[in-house]
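Next come two complexes built around subunit A: one with subunit B, the other with subunit C.
Right, the complex of A and B next:
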């Protein structure tokens, strides 16, 4: 009997967050615009040579997407903390980790998915060969949820503080090093015509681990941060 | 009869007892740190022979390697203290974890600086994106993240708990980072000193290194104790035992 109710609660949580995001559609466009502008700056700074841009294209797209996600990460819980609904969520009978997992999913759908959709455009701006683009998309599909999950734990830790923007970047950097290495490794291997499955498999393994552990860690972190 | 040890440990966890204990031990730890440090410097810079390949330039090892050991050892201490702080909510464990972070960050910074000074004549470059160098840099950022998060909260105990949680996440992350950057790029030499089995270093060079290791350990104890004492006074400002200390110092 409790299972349908739990599923209903999950669906309601997801619907609420997606509706809220849809009401402020402009905010969804911001990370996308940011990523476009940052990618555009690279040819200006490094010169428009095809060979150079091709070599750095995969890494630039990955880092740009990571930075755009970092900018949007700060807002994950902020409005819910302001209006007190996050505290209601902590008090609710449903398991907090599951509810936070739904919030993370909604956040990933509204910030990372648009970035993945325009990633081929970003890659094309830097002349990444068309054959590599599917590998880049696969790497992004595995790496962005990983970053959302890790980021959510850190955002939850800073929930009780005022100035968290730069601090978030400082805390996320050491955690996202492996994700960036493996995602960029896969793209670079594909570009050189080498087998690229191993780093993708590592990313997938890390993602599975994070999907299980990160919501639990996020709930624990939020309890610490809100416990005043 | 034999339960005085757990009893003593329990008592040690209370701030006033630890304050007195740390105050009594700190000068001894500092003296031992200076003694072992001086012996190590004399042994390392004067007595030890020059390396057949690197000449005298290798002597920076007597600072570099003990600092690198300490940077990881202190992170482990911080992680254990953070775990104790989160599970049993011991105030002392929170303070120990948070006051270890700046000392660990300093040792990590020294490791990076001496490593880059050593790298210039040996590898011909100040910095290279090698696996060990990169993990050490990531370790520095982990320390700085913990320190930053601790100071971002207005309530110190809440900040300590949040930062303790971050320290534990970092402990899980360190092996992953180390493995991933190893896979990515490696130039640094492997370990020379092996706890199990034969070390690949001459005894003339090994004993100053071990002496310096003891010196850094004792320095850590001395530095940690004085930091913890200060922090305990600030944290327990309104309590009776702090007032008594303040009154007795005012009388002198």
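Right, the complex of A and C next:
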């Protein structure tokens, strides 16, 4: 009897979610298209003045990317609950928090990473100076996993309730605010030539905290959701 | 039944019941299950058969009474991987093939010696459908794909909720055969079923449920 190794289990989970996402490639494209369309509409609505667009560019890109991520958030556990995969996952002799961490990682890879890849394009459409783009990318690289992790906890908490989408948006809003403030603060500071490391460090600290705690909270919430 | 019942039962319930909104779902249950035994859970619709199986799997908490696993109170950490639960929801991803689904299960639960995903699928009667998405299989074939986990994963206690549903006569005989081999090898199983079970390994124990 070969014992299930932790590394194999993690790899199996990650491969499973990535394969599933690949089989439904259209769903990955949707947040990207959404972000593209929203960013494209801003110059039309506000007029093509460089100075105005430059000033708002960082904030617009950040908010658009974070909102686009929310589109795919509430589907994170719903299909697993419906088809009974989650029961099997809970019963497996593996640490549930770690397995859910893999799911969250897969979610980040399939939703946030494509958005980060097109972020320079979005920023360029709004005339964000090229020198600021690395800071924007760094802010996104820290803010998006933070949002994935916090979002996963809330999705797990609302799992099993019908039409949880609205509730989820309401609960997530106050949690995204700090991430948006720090990320946008870093971009604004870089744009004005000020030191931008402090807000980035705050984002990093919040991310480290979330990486440790969010999967544990997710696991507890889903156990409760199944125990009803 | 080849394995002689040992002194300590594999699973023991004493006055076990489950409360839903302070209402008991079923009357208190007492039973013991030893290694090598098969128990048939009987009861009308809504008498709590599925609830009982979900409690034994560790998905629901014990309401009142005691539930012991090898003599000690059942805890998820100690018995994880030893109990295999197959519910109404089959736990298969519709977009993945039976082969991929089983690879995930093996990754999470481990794998028996001397079997692999392909051999197990051939044995369960899904040879030739290994790479077809589960979405395109018939209800009976989906059930077989889920039952293939019984052959693949190492587990001592099987909790099977309606394993005969959707299966044809060959499939039903196959499930009976699986149960026989499993109990002969010292495993135990709890099965809920409405259909007739023709179990050749001896008279199964009956657990009667009352709402």
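For the reader, a short list of remarks on this structure follows.
To be clear about the criterion, the second predicted complex is superposed on the first by the 224 of 228 C-alpha atoms of A that agree within 3 Å, B and C clash if a C-alpha of one lies under 4 Å from a C-alpha of the other, contacts with A are read in each partner's own complex, and residues count from 1 in each chain.
The criterion applied here is as follows: contacts are C-beta pairs under 8 Å (C-beta built on N, C-alpha and C of every residue); 3 or more make two chains touch, one makes a residue touch a chain.
Model, not experiment: these values are computed from the prediction.
Looking at the shared chain after the overlay, A:167 reaches subunit B, while subunit C stays out of its contact range.
Legend: residue contacts after superposition of the two complexes on their common chain; A:157 is shown touching subunit B, with no touch to subunit C. In the superposed model, A:92 makes contact with subunit C only, not with subunit B. Of the two partner chains placed by the overlay, only subunit B lies in contact with A:182; subunit C stays clear of it. Legend: residue contacts after superposition of the two complexes on their common chain; A:16 is shown touching subunit C, with no touch to subunit B.
With both structures placed on the common chain, the touch criterion links A:227 to subunit B and to subunit C.
Common to the subunit B and subunit C contact sets on subunit A are residues 227.
Residues of subunit A that touch subunit B in their complex: 153-154, 157-158, 160-164, 167, 170-171, 173-175, 177-178, 181-182, 185, 206, 217, 220-221, 224-225, 227-228.
For subunit C in complex with subunit A, the touching residues are 57-61, 80-81, 83-85, 87-96, 100, 103-113, 133, 154.
Of all the residues in subunit A, the ones that touch subunit C in their complex are 1-4, 8-9, 11-13, 15-16, 19-20, 23-24, 79, 82-85, 87-94, 99, 226-227. Contact residues of subunit B toward subunit A in the complex are 86, 134, 138-139, 141-142, 144-145, 148-149, 152-153, 155, 158, 161-162, 165-166, 169-170, 173, 176-177, 179-181, 183-184.
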